[in-house]
Amino acid sequence: MSIWEYANPKRFMQTSAWALPWAIGLTVVLLLVGLVWGFFFTPDDYKQGSTVKIIYLHVPAAMMAINAWVMMLVASLIWIVRRHHVSALAAKAAAPVGLTFTLIALVTGALWGQPMWGTWWAWDPRLTAFLILTLFYFGYIALWAAVENPDTAADLTSILCLVGSVFAVLSRYAVNFWNQGLHQGASLSLDKEENVADVFWLPLLVCIAGFVFLFITLVLMRTRTEIRARRLSALLARERVA
Amino acid sequence: MKALLLRDLRLAMRSGGGFGLGLAFFFLLSVLVPLGVGPEGGTLARIAPGILWVGALLACLLSLDRIFALDFEDGSLDLLATAPIPLEAVVAVKALAHWLVTGLPLTLLAPGLAVFLNLPAGGYGWLVLSLLLGTPALSVIGAFGAALVVGLRRGGLLLSLLVLPLYVPTLIFGAEVVRRGAEGMALATPLALLTAISLGAAALLPFAAAAALRVNLR
Amino acid sequence: MEIWVENLAVARGGVTVLQGLGFAVGAGQALILRGPNGSGKTTLLRTLAGLQPAVAGSISLPPEAAAYGAHADGLKSTLTVQENLAFWASVHGVGSVADAMTRMDVANLAPRRAAELSAGQKRRLGLARLLVTGRPVWLLDEPTVSLDTASVALFAGVVRQHLAGGGLAVIATHVDLALPEAETLDLAPFRTRTMARDGFDEAFA
């Protein structure tokens, strides 16, 4: 049996109906364990105090913000090459989730940055890159919303996702370059992962896994909703013709 | 293809408004910024490269939706799609025409406006060169955005939302060239990267834009 | 030179409007498409012109043989009649502008801007564009809209010359063009009654 059979909407609905409870369960357990462990059973950082604990939301959200875009890129490619409707709808479903993760990363970053750096916002390359990623998400979602015909919308957003990905990577490097150019050795840039000690690392891994499953759960649910919406409009169109 | 270029240029000349508007916008922005920021020469000199590049970019953005929308409305795009010119070439030629009536005049106007913004003497040559090398990228990327939204009735705002994030690398490298030039620093790297973006965009984006046009014409 | 269509299905906005369509038009022949508004005449012509993909079936038509004449004429109002035609002539690289203007009786309008023309004159200019493309297959969508009786007759004569020269035409029209060589195809029997199994429906129903 080919893997592409899962791209058949009917087949996808069956499989996802089976997988969804497991995904929800794993999400709840992993996030509960990871966050409780991280928030209450890790020592305060000697330098940053308890503010460091926002890392358990910030880092996983930031990672998933990028991974969601990568998933959309893969789904867009599958749509362009093989024209599986589920793929296009999964990309559509993932976009608002990815945008939300990006916003969570930005907001938790600001909350963390204020006590640490003394400012809510700095034009650090990483922060700037996330801001630009937010714009890409907004553009992608807006294009889906603006185009009426679903297949046209899927085609156009896929092309945008492909081109956007190239420019997003370019922007990431441009921003790195630009900040060095502006203020040499920016004191505010802080490479988070490198500073993390083992005590913080393990619960962080659990939280990251939790966010991965949260993403999977949300995308599955939203894709199912999109498929149902498409079925509904197909039925309505059929009724109009009949 | 030459005929298409000439036609687009002639249309731009006759319709007035089109590219004059972008130049006027660029001019106004360069006058308003000192009024808002204050007349202090040092401050203006420091922000001049960024302001000039942002101004040129926004002025370019103003006329993007005209690249394909007019031809779409009057049916020319359908006819061009069935003509013996490949649609990719149509996109490239129309982007070139857009650059000739916006990017190039903006580039020529920029040194004049740089006087208002007190750009250091060393920056003028680099300003012109960076705009000359960078504005083609703005036109090609803009043509791609315009191709995406050509079928939409109110595509203008959406076009800005789609195109602005794509403009980020061009803006950063372009302004960086001028900034470094004005301060007398080495600028080979941003200049090379800016050129690379323009060339890469001109080589690849017409294909993406033509694909988007075909989807929109269906 | 021949158009040959078999078991064709075409869709508008994701909904299949015509299916099971088959016909052949040979050199020197014309096919008149008839059917009420919304029956899919425009969609069929756009599909034949290659502007949109067929849902099913096959179209055999030599590449770059077709000139499409749509509702919109593709005229630029700020260009003169002469300039509008010269542009399309040089895009296609064949066909004489002067000849086309004479045959569609717009030669006396040559220096006028398209914006100053009446609807009927614009239409004649739009039809003159077909002549400068030099293409043998004409796909025309309501070509006689806003033409007066004399212009319709003029146009019918041009079509007849085109056919006599080995060209062919598929024309959606309600007007009787008085073309003896034309066959008429009523699209009504091919209208989709049940929703066809196009990509959209197949995947989701």
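We call the chains A, B and C, going by the order they appear; numbering starts again at 1 in every chain.
Throughout what follows, a residue touches a chain if its C-beta (ideal position, glycine included) is under 8 Å from a C-beta of that chain, and two chains touch if they have at least 3 such contacts.
Quick caveat, the model's predicted, so the values are computed rather than measured.
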item	value
Components of the interchain contact network lacking chain C	one piece
Most central chain, judged by mean C-alpha position against the global CA mean	B
B-C compared against A-C, more contacting pairs	B-C
Chain whose average C-alpha position is farthest from chain A's own	C
Separation of chain A from chain B, taking each centre as the mean of its C-alpha atoms, in whole Å	31
Inter-centroid spacing, chain C versus chain B (mean Cα positions, whole Å)	37
Centroid spacing, where centroids are CA-atom means, of chain A and chain C in whole angstrom	48
Shared interface positions of chain C, touching two or more other chains	none
Contacts with two or more other chains, residues of chain B listed in rising order	218
Contact footprint of chain B on chain A as seen in their complex	132, 135-136, 138-139, 142-143, 146-147, 152, 155-156, 159-160, 162-164, 167-168, 170-171, 173-175, 177-178, 181
Of chain C, residues touching chain A in the complex	13-15, 192-195, 199-201, 203-205
Of all residues in chain C, those that touch chain B in their complex	46, 49-53, 64, 66-68, 70-76, 78-79, 83, 86-88, 90-93, 129, 133
In the complex, chain B residues that touch chain A	144, 148-149, 151-152, 155, 158, 161-162, 164-166, 168-169, 172-173, 176, 179-180, 189-190, 193, 197, 205, 208, 211-212, 215-216, 218
Residue ranges of chain B in contact with chain C within the complex	2-4, 7, 10-11, 14-15, 71, 73-76, 78-85, 217-218
